[in-house]
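Going in written order, the chains are labelled A, B, C and D, and every chain counts its residues from 1.
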C-alpha cells in the first residue's frame, strides 16, 4: 500500500468541510495548510491564539511585520474586518465555544475521541501551547494526520498511549487514507481511498472501523 | 449637643487624607463630595465602576453628555489621561486591589470594621450596586457618615444589626463628630470636635472608644 | 459575510417566551432603546415574548426601555445589581405586588459572572459578598487564609446591545461610558443583536480600535437616529 | 503625576533575587528586549537579580532577551506554555542539565491565571487539561454534568512590558499582535515597568484607545529605537 494522500491533499479535504463564514482555528504546522484550500465562494475567518481574528496569507519575503504573526510565529497579513485583542479575550473565544471549527494535528486519536498531540512522553521537553484549550472550545474539533506513524504503526487506536491533550474531544479525523467520524465511542468510516479495501484500511487502524451507511470514495485533486 | 460638622465638612476632612496621585473610588451620593475638597497641589485620579478612570467635575447644565456619567448616573467630564474600559476590567481594578482608597457611606460600622450600607432590612427593595466589591478591593476603605442616625441612635456600634456589606473591611471612619480608626477590632479615637468631651462622644457611640496616643482637635473650615 | 439585517423587527426576531435576555447599558449609557421598543412592539402585536428573564445593571427607569418592558408585563425576573433609579415605578410596583422576581448580584460579581459565561469559566471565587446575605447558600473556600465565595457563570439566550460603530462582520466600538457591560454580554449570549449608530464596511474600523470582535456578534442593525435613554427621560417620554 | 523614569537602569531598579517576573510578548511580538537587556547588565555588574521565576508564553529564543537571561544564569524557573522556539538552546541546555525548573501551563490557562491574578479572583474552573497529566493534583468539580479543573491565580512581583504609546500617567497602547499577554500582566504584577516606543503627555492617547489604563502601570521609560526580537534573531544577534 503505497498510495496515500499528501499532506496538502489531506488539508484540502479538511478544507472542503469548512462552511462559509465559519470561525476557524488551525493548529500550528501542518494544519495551517488548510487555509490555502478553501473552496471558491467560501470565506472562513481565521483566529490565532495570540490575538488576531481575520488574518490572511503570509506576506512576501522581506515584507514581514514581526508584530503581526500567528501562533506558529509566522508573519501574516490582515484582511478587512480584522481585530486585535489580548490573550485572555483570545482564549475566551476558544474556551467559551465561539469558534466553529478547530483543526489540529495528532500523535494518536482513540476511538472515543481522546486526542494525544502534545507530548511524546517523559523524555522530551514538554510544550503544550494552546492545544489543550482548543480541544475544549471549538464546536467541532477535527484532526488531520497521516493514517500511520513514520514507522507504520496505527495513529487511530483503541486507547491512546501517549499523554492526552483532551478526553473525548475529536469528532472527525482526516487521514492520508480515510475520513472517519467518531460517534458513540467508535470510529465510523465515511470515506476511504478508492483503491484501498476495507480490510487493508482496517489492518492499519488500531481499533474497529464501523460501517454505518455509505462509504464514499476519498478523492482529492493534485494540490500542493 | 448641636454642634457638628456638615456633610461638606466631613467630606473635606476625608479629602485631606487622600494622597497626591492616589487612585480613588467615591461611593455614590454623599461620598462624591470628597472630590471637591482635594488640597491644593494634590491630584487624585478618580475611578468610577461604570468604566472611567480620571473623570472630572460635572459639566455645566445643558452641557451634559449622558454617555459620560459616573456610577451615580451623574454627568461628568474627562481629565487629560482618562481611559474607558468595560465593567469586568473596571471591577478587576476594584477586586484586584488596584485602588488606593475607597470612601463609602454607612448605615452602621462595627468596631471590628464590619460595614452595613446597602440594605435597611427585608422591607425595602434590595439594591447593592458596587459596594460589596469596593469594600474588598481598595487598599484602604474609609467611611464618611453622620455620627448618629436621624433619630439619634449610634451608627458606630459593637455589632451591626443591618445586613452586612462586608466583614472587617473599614479601617477609618470620618463622622460629624470625630475621626476614628479601626485597629485590632476596636474603635481608636484620633480626632474629635474641640467642644465635645470624651464622655459626650462616648455617649453617642455604640462601642467603646479607645484612646491610644494623642486625640487631636477635629477642625474643618466652612465649606459647602 | 454580512451580519446586517434590514430593520429592527428582523433584529429582534427569534426571541421567545421564557428566554434569558442580557441588555447592555448602565443607566442610560448604552441602553439599546430602539431594540427594546421593537421587542415591545412585537409583544403588543403577538403576546410574545413574555416570561423573560432580563439581565441588566438596573431595573428600568421611567416609562421607557426596560421599564416599559416591565410595564408591559413581559418580564418575569430581573437579575441586576441596583433595581433603583430616578423613577423606578415600573419595577417597584410589580415587585411589591409579587409579580416580578429579583436576583440582586453585586455589580462586580454580575460583571464577572457574565464575563465567565462568555469565557467558558463555569465558576470562580471572589471575596465579594463573603459573610453577607448575598452569599447565603453558596460554596465558600479559603485561599491563602482568606475566605472567598464561589460564583457561577451567567449566560443568556440573547443579548441586546447598543454600539457606536459596527462593521458588517460585527466588529464593534462603543461611545464613552456606554461600553460598560456590553462587551461582556456580547460574548455570554448565544445570539447577540446589536443596534449601531453607524454601520461601515469591513476595514472601516481600525483593528486596534475594535472593542467587541465580530465573532461575538450575530446580527447588526443600523439605527442612525438612536436616542439616549437619559435624554428621553428628561423629555418625560413614555413608551406605552 | 509623572511615571516616566530617565533611563533603562532606573526602570529595572528594585528587581531583587528570587522575584517572580512576568515578561510580555509572544514570540518576538511585544518582547521588551531593552528592559531585559538592562536587567542582564545589572546582573553582570552586581550578580543580582538571580534565582528569578520568569512567566512568559515561551522560554527564550536564540541568544537575546529571555534566552540571554537564561544563558546568564539569572533564571531558576520558567512558567510558560511552550518552551520551544526556532532556537531554544538556552533553555534546553539548562533544562536537560537540571539547572532550571519548568512549569508547563496550557496557553489559555496561563492567560486566565494571569488575568485572575490582576482581577482578584484566587481560583477558577476550566475544562482545559481535565483528565491530562497537566491536571494532576488539582481539584476537579462538575458543573452541569461536565468536569472542570480548578486553577489558581498567578501574580508577579514585577512585570516588564513593551508598549507602543504611553502617556506619563501610564496609559498604554500596543502595536498589533504585540498586545498578547501584556495587558493581563500589567494588572497581575505589584510593579509594572513599561518600555514605550513613544511617551506622550496626558491627553495624547484617545481615552477610547487606551488598552492598559494607567492604574496598572508603575514606571514608564521611552525607548524610541526599540528593536523587535524576531528582527534581531534574523540578524543573528546575541547579547552576551
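Quick notes on this one:
Just so it is clear, contacts are C-beta pairs under 8 Å (C-beta built on N, C-alpha and C of every residue); 3 or more make two chains touch, one makes a residue touch a chain.
Note that this is a predicted model, so its numbers are computed, not measured.
Per-chain CA centroids place chain B at a distance of 36 Å from chain D.
Averaging C-alpha coordinates per chain places the centre of chain A 56 Å away from that of chain B.
With centres defined as mean CA coordinates, chain D is found 30 Å away from chain A. The set of chain C residues touching two or more other chains comprises 112, 115, 119-121, 126-127, 176, 207-208.
Those residues of chain B in touch with two or more other chains are numbered 52, 84-85, 88, 91, 94-95, 136-137.
Chain contacts here follow an irregular pattern that is not a line, a ring, a star or a complete set. Taken together, the chains touch in the following pairs: A-C, A-D, B-C, B-D, C-D.
Taken together, the chain D residues at the contact with chain C in this complex read 112, 116, 119-127, 141, 143-144, 146, 148, 152, 173, 176, 207-209. Interface of chain B with chain C (complex): residues 48-52, 65-69, 73, 84-88, 90-91, 94-95, 119, 125-133, 136-137, 163-167.
On the chain C side of its complex with chain A, the touching residues are 1, 115, 117-121, 167-169, 171, 187, 201-203, 207-208, 210, 213-216. On the side of chain C, the complex with chain B involves touching residues 26-30, 57, 81-86, 88, 91-92, 95-96, 102, 104-112, 114-115, 126-134, 174-184, 211, 228-231. Residues of chain B that touch chain D in their complex: 20-21, 23, 43, 45, 47, 52-54, 78-85, 88-89, 91-99, 136-137.
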